[in-house]
Every structure is written in structure tokens, then in C-alpha cells.
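One chain, subunit A, links the two complexes that follow: it is found with subunit B in the first and with subunit C in the second.
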Partner chain A sequence: MEYPRQITVIQAAAIITSTIIGVGVLALPYFAAGHAGTASPLITLAAILLSFFGLWFISVLGMRFRTQSIVEYSEAILGRWLAFAGNLLIILFFAALTSLAAREFGEVVITAVLKRTPLEVVVAIMLLIAMISCRKDITTFAYIHHFYLPIIVFPAIVIVALSLRNAKAINLLPIWGNANSWSNLLGGVLVVAALFQAAFIYTMVIPYMRRPERALVASSAGLAIAGGLYLSIVIAVIGVFGAEETKKLQWPTLELAKTTTLPGNVLERLDAAFLALWVTAVFSTLFSTYYFTIFAIGKLFRMRDRNMLAPFLMPLLFAFAMVPTNVLHMYQIIGQVGRLGLYLTIGYPLFLLIVAKIRRIRGNSDDQGRVARPN
Partner chain B sequence: MIKGVWPGRIERLLWIGVVFPLLTGCWDRLEIEERAVVLAIGIDEVENGSEVEVPQITNESDIFAPPNNQLVRVTVQIAVPGGIPLGPGEGGGGSSGVGGGQRSIWVVDAVGNTIEGALNNLQERIAPPLFYGHLRIIIVSEAVARKGIDNLNDYFRRNPEVRRMNWMFVCKGKAIDLMKTSPQLERVPPLYLVSMMDQAVKMGRFPNDFLGLFWSASSALGKEGFLPYLSLKPQGTMEIDGMAFFVKDKMVGLTKPIEIPMYMGIMGMSPAGGQVYVQVPEMHNFVLFGGRARKSIIKSSIRDGEPHISIHTGIEGVILEKFSEGMPLDDRTIHLIERKLEHDALEGYRELIRKTQEKGSDIFGFGEIIRAKQWRYWNRHIGTEEAWREKYKTLDVDINVHIYIRRIGMKSR
Partner chain C sequence: MTIFDWFQRRSRKKKSKQPPLPIPDQYMEQHADDPIPNNLEKAVQLFTGLLEDSQFLTVRRFRLFGQFPAAMIYFSNMVDPEIKNADILRPLMYVPDHLAGTRIALKDLSDIVMNDALYYTGSERQQKMGKVILKLLRGGTAVLIDGLNDAIVMETTKIAQRSIDQPETEQVIRGPREGFVEQLGTNISLLRYRLPTTDLKVKTMDLGRVTKSKVAVCYLKGIANDALIQEVFNRLSKIDIDGALDTGYLEQFIEDSHYSPFPQIQNTERTDKAVANLLEGRVIILMDGSPFALILPTTFSQFYQTTEDYNERFLMVSFVRLARLQALVFSLITPSLYVAIISYNPELIPTEFAVAVSGGRAGVPFPSVVEVLVMEASMEMLREATLRLPQQIGGALSIVGVLVVGQAAVAAGFVSPITVVVIALTTIGSFATPAYNAALALRLLRFPLVGMASMFGLYGVMVGLILIANHVLSLRSFGVPYLTPIVPGNFQGMKDTLLRFPLWSMKRRPTLLHTDNDRRLGKDVDNQMKRPTNNTLDPLKVGNEKEDAEGGISPSDHGDTSGGDHH
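Here is the complex of A and B:
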């Protein structure tokens, strides 16, 4: 069976944006301020640049091998067994990312909103919804992201814009922070960049793009929107609370929404509205990483039908989500997994690209039929 | 993907049987009349020697030993379901001539080792769960504020229901007395205080200083927090009697009420709401000056290796009242009044700054300006909050005041 290339550039950008914006947005300013103080916007910007490199490598590889995803072209570049190890790591990493996002989601919901609901239920329901959605084909995948993107982005922009009324420029100065060591700043950049790495799933999208030669344009636009939103959230939070106060808050972005009021006493706190859009954002991220995990497993083991994979994987994902013993332990694990992930999502594609150049391996870029290779 | 091995029927069953029921979130179903909505909290200390027995709910004397601190008494105002009138003319206490006070709210208090400890002891006696989502007012007695409110700040930051837009007050005497008064104007007493503060901020009589801003100021390296200082007046009224200023979490001093507009003048907070008497030089007469708008420019610099702050502040205003006839108001007199005002204001500003410097409490945030703008100096010589507190005591501050009287009202002279 053949799959038409149906995903447009705009849809591809929407996939990137809504995949990136996810559970991490709540703790993002806390991570940034903890490492860099008033230099938080600066390190966020640096992290966006760093993630851009990762996406750039992926896009360039995708344009070189237009009908293949990383699972397939890594075999062509590195040989079957070496690539197998790399792909297995990627699969494990994205499975972990899915689990941890579900768990973090659960922790926030239980702390802030549904205090008496068992954690297991919150985590399971999120995974379940993602699992059911994972049975759709990639065109539907693109539609879902495209559909949810405005729901995520526009309210977030409104909240940030409203909260900026309370911001003070002095809280953001000096922009390189007070007496930050280089290692601290660099650590901060890596931690923040880790929040962007779900964008790696782009490698799965490129083979289905109508015009894969514009993959880089789409990924840059997607990252620019998500990065811009993250940056403005960091600026708003640090501007309103100040770096020192931000360090004392577990989820400063939620706190910001709590402090922000709609003009004219329409709504006195926007945290409920913010949580609603955040749930959507978490779902779209979870959906992407879950989908990619299944996709990669299917490709790796050359399965003809991936439909049964999603339900089989769910208990494993759920079990891993239950591993952290408390919320602080969870953030410790997220930190470690995120740092390891950077090697996979930025380092590995770079390595592949270099080897492909050296070995002069090209994909079948004479793709006239506009048809992706079937499984 | 491909038409499923897994039939759509199972999927539909999953949606209806599992996803829908779980998504409703019914674990946390809590009807509005089943919760005790806390509108205000007052915090007092329990004097030594008074016979108070702490119920052993969160602790026993040996196991789960509590911190060995001063006991606190927490008083809460709980909204009585159905007691709060929803519109004008509807039920309530208004018709009987008694302010809503005692009917719409219930005032209860309990003692404990910490805030949450006391609230937990309170919960033991109140059937429905206490709910803090609508908490608007926190009143801390001066005695507690002077000992430090770290524990309090920690509790209210940690509790997800509490919002940052609350107002926190320091009160003269006992918080419980304030909690028991019921102003006649508002049928729900805590809302009276809220609207009082909202109006004060709108009229420019008090700086906007809700809980979140106080927290941010206390956390910032080069700034300290302050809170409105309330005192109980006759006829069940309350008055803002100055600003209680803090060092970290401890109240260290109190300004006079007149120093509130002084503070706002230094910070250039508009609109201006303060009013002052001016004795017009040369003529033995007084006028009452009312501010309308303020603006200030605060600049920092390093002079001879020491930080320096220079403030240019301007106030625009009008003449509200003249003490007696016999002094024509003309352009020359207006300028005389302006000069005199500038002189007096300068004295006032200096005095306020000196007062806070004495305690090392930089409520103006000059340290933040140094940290942001003179970061080289800050990194090398200051770096910490404590160091700034010391430095602030000897900080050199220059003030220039410009007063402009623009209008004199409907009377011609």
C-alpha cells in the first residue's frame, strides 16, 4: 500500500510547535532562574539556538533521504547493527519521555487541581487518550496538531501579554545575570534545551511531506513559534516575580496565570483557563512522542501493522511513569533523562550527517512519484 | 494506520466505558455548600503564661514532636452558605439595621504550633473542609510580624488554593479583634477591607502591594517588603496607619501615615492621592495642597567606588483649600507655595529614607537598581542580600523635588 504525501509545510510547522509546547512550560522559568537568575531569557534564547541545530540536522538529513525516517536512513549510513543500537536508544528515550511527561502532568494536576483523584488515574487517562489517538495514520496526526495549535498558542499569548502589565524591566537586568559562572549558564542552557527535544519526531514527518525540500523552512518556523512563546513566558515570569521569587516556585508559569487578571474584573485569576490550554498542550506532546515511539518500533522491526503496538506499550509506559517516588525524585529523573536525550536528539543526527557526507551516501532524492516507501 | 485488526467496536467501548467516566474527574466533586469558604485569616501569638491547651491532633508530646516555638492563634472568617446576599435587597442583615457581619460570616479561632497546625486543629471542629480559594485578607498582628513571618509565607506559598492577589496586613494589637468587627457598609466584612484597599490604590493613597508583590520584594536581593499597617478605630472602622517595613521576614519598623504618600512620591507612583498643609511663606496663611500625578526618575551611579542614588521626583497638583481670606492667590504666590512645598517634601523624603536606613530596610528597591544597572559593582562588592542591607545603611541618596501647582479650583483667588 502506498501513502500519498499529504502533509503541508504549515502542518509540519504546526506539528513542531505543538509538540514542543508541552508539560515543561510550567517549570521552565524555575529551571532557567535556578541556573541563571536574571539571565534566564538569555539562556532560553541560547537553548532555542541549540535546539535549532538539532532540528537543522534532522531536516537536512530528511531532505537528503526524502522517503525515509531516521530509523531507516541510519541503517543505510551506519550499517544495520550499529544503527540498531542507536535506534533502540532513541525508542527507549522517547518511551521514557512519554512516561515522564504523563507523570509530570499527573503531579501538577494532583497538586493544583484534582487533589483527591488518584495519580494513577490521571496518568493512565492521559496515556489512554494518547494511545487511542495513536491508531490514526500520519495525516490524521498532522490534522490533530494543526487543529489544536491555535487553541494552545493564542490563549497563552493573551495570558503573557496581560501579565506583562505587572512586569518590571529592572527584574530582567542585567541580561547576563549577576555573577553567573559559565558552567552554571551552560547547565541552564542544556536543561532548557531538553524541553525542546520532542521536536525530534520531525524525522517521522518529513517522508510524508508534500514538499520535503521545504522541511527546513517548516521546522524553523515551528521552532520559532514555540521558542518565541517559551521565551516570552520566561520574560513575563521573571519580569513579574523577579528571579529570586521565581526560584521559590515549583511551577512559576501557573503562578503567573494565577496572578494575572482579565481587565475589568471579568476573571480574577486565569489559572483555570491556563490549565485548560496546558492540558491540550500536554496531550499534543504526549501524542507525538507516543506516536513516534510506536512508529520507530514498527520501522525498526519492520512490522507491517503497528496497530497492536500502542495498547501493548501502554502498560510499560504506565509502569515507568510510576517509578519516581516523589515529585522531587521525578524532576531529578527528568533532568537526567533530558541531558542524555540531548546526545540522541542533537548529537546523533549530527554524527549521522557527518558520516553520510564522508561516505557520500545519498537517499533516493529523485523522488518523482511523491510516494513514501511503504513499511 | 491500516484498517485495524483491532475492531472499532472495542475502541468505542473503551471511550464510553473507561475514558468518559474517568475524564469527568468526579473524585474531586465537592458541592459549594459542602465547603467552608475561608474569606479572611487573622494570626496572633498566644501570650506566654496564658492557659491554652493545644489539642494533640498534629502532634503528641514525644512522637511527632512539634517545633518548640511560640504558639499561634489563627482566627478565620468563614462565609456562611446562604448567608451572603447575592444581590441588593435580598435577605441578609441589611434590613434589620445590623451590618451583615455576624450573619454572613462565622468567626472561629484555634491555637496551634504553626499556621497549618492551627488550621488543622480548627478543621477538627468544623465539619466541612476549609477552602482557601476565596481567601482575600490575611491579617497578622504586629507581635507576630516582629518575630518573623517565614512560616506564614511558606504556608501560603505552598498552598495551591491561595492566590497571590490577596492583601496581607499587619495590625496594631490583636488580629482577632479586627476579625470580629463588622463594618456596616459591606455585608461581607472581609470584602470591605478588600474594596478599601482597591480604592486606596486607585486613588493613589496606598501603593499597590498585594501579597505577591510583597513576596517578590522580600525575595529580591536588593529590596525589602512592606505591608499596610491597620489599626482598629471607633465605630467599627479600620484605618491604614502607615507602612510596616520588613527586613527579610521580620517587621522592623513603622512609618507614619503621612509617609505613605512620601514613599509614593519617591517611587513616582501615579495617581497621587496625598494631601498636605503648606504654610505660605511671608503671608501667615495656610493652603491645602492635593497631589494629582507623580513621576520620578531614579538613577544610580558609582562615585569614588561607592554606590550613589539620585532621585528626581515631580508632583503635579492643585490647591484644595485656603485657610482664610486675605491672601490673594496669584502666580507669584503659587510659586512661593511650590518652593515651600519642595522644601518640606525634601525634608519628609529624607526623613523617611533615614528611617529605613536605620533599620537596613530598603523598601524602595535602590539595591535592585544597583544590581541591575551597576552590576559590576554589585558583583564585586555586594553579591548578597545581607551585604546590601549593611551597605544601604550608609547609602548616599540625592533628592531633587519639583512641585507644580496647576489649578486652584472653581474659586478665582
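Here is the complex of A and C:
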């Protein structure tokens, strides 16, 4: 390739946004309302701030080590074997994230639209389209996210805008919630923040950015769009249904889509159409996490050719996706994995950053001319 | 010569008891650099032996300047008789006036012929057998002179060619009406006519072991990227094939992804389109014998643009372009959306309409996917049939096919009326796409989409579209990402994608081609356009007359002082 550094700031921001926005948005208000009631918008905001810290650490590390991803610079910072353990955990975590996202969407699809289709088929198809796309190079990876961004953001905005007709401001009050304990609120923040952690794959993107010094700008913009969208969905759902009702809905965002109609009754119901467009969002998240898993494995074991990894990984991912016995069990596992993931996606980079500062290890960020190996 | 003649001659040749000659082409390859025998009889025998075409190969013997035995060899019907008689034979038979009376020595003969006698421009001396034969095969004329090793070879080709007219495949309402023809020379002259600049470079190469077709790579130096041109030559030079009969052959060898349904190289018959692309910094490949020029690199947006878009005013054209884009989308997804909604999500459509649809489908025994596939298949059949039929019946058949059969199928309870509407929309959509090859790709892809829709509903359609989009996003044409001005985004480029911005706002050439010289408009155009124009015929200035009272500044006779009654 002529210029290995191809990814622009806009593309990087698009990658973050479309990676974050995934199947989680369907259940997001349910999680938030379950923990915080009417304080849901507030804890969503807090979660956005928390995940901003995570992205900030990654961006700072990325700008410090401009030609390396976390797998490589963690070795430089911590030494080979300690880093190996950390990276292995990250790989396992992202593999789990991929499986669970596919499973979660599979559950949504067989519950909402394809009621007679086996769950396995839907999950397998989602994993399959992600797998097929994993052969593409990182530039195409960026193009795909860039291209899908409007398709992901636009329907959500439409749903929010249309549903605001039915929303009542009183449903959102009190903003501080009713008699929430602090631990409850904090738990809610962590659960919601877990929905943002796929943005961690940004560490893979920074070495291929045309201007890595603007990595922080891109990540902030990407998180702002995704966070703003999540926040507005939470506000819309709570505003329409009220906190108590939201606690009883499995996928409140989907219910929101059901209650809205286009003006003029062009389409009588929007939920199926919304869900269809939402396939793109789920795909882009799956694609990111799958791609990152393979990328990290390739870097960890110093493989030259990663192309064969994706098909080999797929049966494992599929098997893990089938582990939860039902939806409730699945959400239990998602909750546990998500909490664990926060240590990895926020704690681990922070730890790396502190050690790097103490040991005064810098990447080759001073020599602008050197570029990452073409992917 | 028809194939029939050729077979006849082949069989005749077998019967005659001539000494077996080696296969001429192989002989030629081995002896290409051999000199021409200086004995006239031997030379003539060699040529006639090799070319062996008793009916069309003509050997006209004459005496050069009335004294030296010579022979003129050519393929009749390929040679312009005017040139052959007046410009070659006549000056060679007579001694040139200014040399009358001087003795001409054999050793000076060739110089005298070239410098004094022969005034036809396209002539040269040639000593190698191979070159002479090649010239003859391409319609040249060779003059052999007894005692000389030189043959004099002249460009006399005259092949019948069709006239330059509007290309059938790319018609426009407003715009030039000339299209390329088969002859390469004519095509290049058409390009030069529109681009009288030294920067227009035409590099030719021969391609095809047997056909030896001339391939011309045209570009504007300083605008087209040098690395791109180098790459085009590299890819072309790898082709080794017995015959290339159309630029389509070349396209299949030099494209990036051979298995993609999407064309990565555009073709055109229009000269103005070729020139516009040259001006943007693209490369044009022409081939002798093909009226289609290849344009490369190509991005997806080019397939729904037409040259007319730039001739008409931008506002209307942008609207038309949106309609065309809609047609493109329709041709891809309408049938699959229909199948998905009818079989999985009928709750999406308004109740009254859903009732009407199911009412129409009441008597139809098949699931909607079968209906759609049957209709699609018959539509494809009809399309192929109208293509093959003579024009006179074609129109009649398409009416019979579409109206009568469609109506009868509905009446027979075979398909529902709404399916007919859907298929008609799809077909019309695919005809509205200007580029035939791109329309073909979408036409092909909608079958798997219908399949996905029938199995997984809207979810399946979306999965199919995601797969298609991912594929398109990974396509490259000579390194240029296929969806370029949109992804990766480029604001200057986006001015010419969904809408067509005014010409004066598109100041730069597309950056995707990495041209060295990217200014399309002059630097001052903006200022010049902002300057107020002189509204010469503004009624306020010309004369604001009301009955007899004069309100304007010009006299009532509009400055015409010559009196009223001239005729």
C-alpha cells in the first residue's frame, strides 16, 4: 500500500461511534432504569464520562506510542510475560463480547421478528458476516464504519424525534431519582459504561491514523456522538414510558420504536424496519470486536498472516454464544463480563499509562516519518 | 472474405500439388529479420508464397522509369485505388521531369525513387521481410525493384468504415452526437479534434499474437498521474492472448477484482465522455476494431452520471440525477423488500393497503417469492428476446410480452397484480441506469437478495445488503477506493455525486486521481463571476416608453437614426 497511514480523523471518530452503538442500545434504558429510576439520564451521562476516561487513556497511550497498538506497547511497558497475561485477557474478553453481542441480537431477532427461526441460525449468520469481512484490511475496516455511520445514527434519531410527541417531562422528574442509594447509582453507572467498552478497539486504529496526534480529538468526537445518541434514547424512553414501566420492558428501545409511527401513516409500524436497519449497527460492533480479537491474537503471537484466524475462531465464538441457557441467564453473563471488562478497558490502560510515566518509556513518537507496517 | 470462401480456398489449396510450405506465421517469426532477395522474381515468389492469396493479393509488374523491372504488391480491396494509381504507379513509371535525360544507375535508384520521384507522403524504405509483410497485411503497398534489397512500402490502407453517428447505447438529448467507430485512427483523430494540445499523449502497442490489434493508451500529460500510466502499461503488457477482439477483452485482463460483479472499469462510446475523463486525469484505452473506449480508474458514482449532466443546468440535472439514483436502488431492492414485507412483516404497511395486497394475492397459490422469481425470470427472458429480435418486431414483442402476457398472467391467477407492478418498477429502474454493466451487476445481485428475503425477511435483506456494501467498500480500481468521493469522504468530490453542483463551484479536479495539476477553473473566475454583469437590454436603460412620454435615457428610436422606412 502506498500510504499505510490512511485513516483520517473523521473516519476514526466514525469507527468509535459505530463500534459503540450496537445491540446494547436496545436494553440500555432497562439497565439504567433498573438501577436508578428517573436518574437514568444522569447515570448515563456519568457513564459517558467514565468511558471517556477509558478512551482518554487509550488515546494518550496511542499518541505516546504512535506506531504500536496496546498489544505491542504493553510488552514494552510491562515486559513480555506480564503483558502476555494482560493481552490474553483482553483477547478473551473481546471474543466473549463478540459472542455475547451476536447472542443478544439473536435473542432480539427471534423474539421480535423471526419467531420461528432457530436462534442458532441468526447468531451464526451474524457471526458469519462479521467473519467474512474480517479478511479486509484496516483501511477497508475504516471505510466500512464510515459508510455505515449515517445508517446507524439516522434511524435512532428519527425514532427519538418521532417519539418525543408522546413524551412527558414529568416522567423524567426528579432528575436525582427517588431515594437511590449511592451504591445503586454507581452500579448503574458501571453497567451503562460497560455498553461503551467496545470503543477500546480504538487502540488498534491509532497506529494507522494519518495524524495520530489528533487521536484524542477523534475519540472525543466519536464518543460524543455515540454518547449523545444513547443519552437521548434514554431520555426519550423514560419520557415516554416512565421509569417504572421501563423497568418491566426487556428491550425498551424496541418498544419505543413500536409506539412511534411516521406522520401520514406511510409505514404503520416502525419496529421491524428499525430492527432491520439496526442490523447494521450490530454488524459494525461485531465486526469491530471480531476484527480486534483477530488483530490482537495476530500481534500477540506475531503472526504474519491473520486471514486464516477468523474462520478458526468462529466455531469457538459460536459455542460460547450458545452457553447462556436463556435471555435472563444471558443478561446475567453480560453483566458479569461487562463489569470485568471495565477493569480491562479502563483500569488496564490507566495502569499502563502510570507505569509508562514512572518508567519514562516513550514509543517512537518523535520520529514522524516511521509508519506502522502496512496491514 | 466470408468464412465460407475461406474454407473453399482451404480445400482448393489441399487439392493442388504445391510443395508444402511451412505455416506462414511460424516462418515469419523465424525469418522476420531476413533481407528481401534482390532478385525480383525470387522476391515476388517469396511474397506470394507466404501470403498465398491468389484472388486478393495483387502483383502488378511494371518497369520503373521505363527501364528497371519492378513489381507492386498489395491486397486489393484494402488499398485505396486512387493512391495506388495516381500517387504510386504514375510517378514510378515515368522518369521525373527534372531528371529527364540523365542516366540512372542502379545503386542510386532507391534514393532517386524516394527523393525525386515518389511524392506520396506515407512511404518509406524497408529492408526486413517481416516489416514489409506486416505492412502488406495491414493494407499497405510494397514496391519491389529488381536488383535492390530495399522494398518501398506505402501506407495505403482504406478499409470501409461506418459513419460517425450517435452511439445507440448512450443517447443524450443535449450534447454532441458523435461516437467512436471501429477504426483506431479515426477515434484518435476525434479525440485530437477536441483536445488540440501537446499534452494529449497517445501510446500504442500491439496486442494479440494473431490479431496484432493496435491498442492506444491516451492520457493528458501533467494531469494524469504518471504512476497510474505506468501501472496501466504494466498490466497491459502482461496480456498474451491470440486475439483481442474488443476492449472488453482487455478490461477482463487488467481489472482489479475478477470475481466481483461490479465493473471496475467503465466503457463509453461517446467521444465527449472520453475527453471529459481525460480532463479529469483518467486514462482512456482504445483498441483498433472496437468502438468502446475503456475509462480507468472508475468509481461507483460514475455509473449513474452521464455527460448530459454537465450540459444541462445544474439544478434540473441534480434532480434528474437523484431520480436516476432512486432507479438504481429500486432495481436492486424492490423485489426483495416486497417479498420480505409480504411474507414476514405485513404489519409494516398500512392496513388498507395490506388488505388490497392480500386481496390481489387471494387467488394465487404460490408464495410471494415464487411469484417474484417466476416474474423476474420471464422478465429476463423478455429482455434477452427483445435484444435479439430484429428492430421491426422488437417493439411489437415487448408490448405483447409486457402488456398481454402480464395481464393474462394476472387474469389467470398466476401472479398477483402487485407483483407485476413491483417487477415492472424493478425493470424500469434497471433500464434507467446509464451504465449497462453496472445495471447488470445490480440485476444479478437482486436474485440472492430475494432468496435471503424469502428465508429471513427484512433481516435477510439487510444481511445481504451489508455483504454487498462490504464488498463494494473493499473494491479498488487501480487503487482508488470504489465509493470514493463518499467514503473516504472528500468535499470537493462530493459536489459531483448525489447532486451536481454548478460547474463554477467545482474548482478542482477530483483528488482521488492524485493529479499533479488539480485546478480546473482559473483563479480569477470567482471574482469575475461576482462582478455585476452589464445588462445591456434592461428596459430601464434601453428606453422606458409609455405612449409618447419618454422615461428612459435612450431616444425613442433606440438610437436608430437612419429613418423609419427602410426595408
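What we mean here is this: the second predicted complex is superposed on the first by the 367 of 375 C-alpha atoms of A that agree within 3 Å, B and C clash if a C-alpha of one lies under 4 Å from a C-alpha of the other, contacts with A are read in each partner's own complex, and residues count from 1 in each chain.
The rule is simple: a residue touches a chain if its C-beta (ideal position, glycine included) is under 8 Å from a C-beta of that chain, and two chains touch if they have at least 3 such contacts.
Treat the numbers as computed from the prediction; the structure is a model and nothing was measured.
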{"item": "First (subunit B), second (subunit C), both or neither touched by A:H146", "value": "second"}
{"item": "First (subunit B), second (subunit C), both or neither touched by A:I10", "value": "second"}
{"item": "Which of subunit B and subunit C A:K136 touches, first, second, both or neither", "value": "both"}
{"item": "Touching partner for A:F241 - first (subunit B), second (subunit C), both, neither", "value": "first"}
{"item": "First (subunit B), second (subunit C), both or neither touched by A:L173", "value": "first"}
{"item": "First, second, both or neither for A:R269, with subunit B first and subunit C second", "value": "both"}
{"item": "Touched partner set for A:I358, first subunit B, second subunit C, both or neither", "value": "neither"}
{"item": "Touched partner set for A:L114, first subunit B, second subunit C, both or neither", "value": "both"}
{"item": "Subunit C-contacting residues of subunit A that also contact subunit B", "value": "113-114, 117, 125, 129, 132, 136, 268-269"}
{"item": "For the subunit A and subunit C complex, residues of the former touching the latter", "value": "2, 6, 8, 10-11, 109, 113-114, 117, 122, 125, 129, 132-133, 136, 139-140, 142-144, 146-148, 265-269, 272-273, 275-277, 279-280, 283"}
{"item": "Interfacial residue positions of subunit A with respect to subunit B in the complex", "value": "1, 38, 111-118, 121, 124-125, 128-129, 132, 135-137, 170-171, 173-174, 178-179, 240-242, 244-245, 247-249, 255, 258-259, 261, 268-269, 305-308, 311"}
{"item": "Residues of subunit C that touch subunit A when the two form their complex", "value": "344-345, 347-351, 456-459, 461-463, 466-467, 469-470, 473-474, 479, 481, 483, 486-489"}
{"item": "Residue numbers on subunit B that touch subunit A, as the complex places them", "value": "1-2, 4-6, 11, 14-15, 18-19, 22-23, 25, 27-28, 157, 160, 163-165, 212, 215-216, 219-221, 365, 368-369, 371-373, 375, 378-379, 383"}
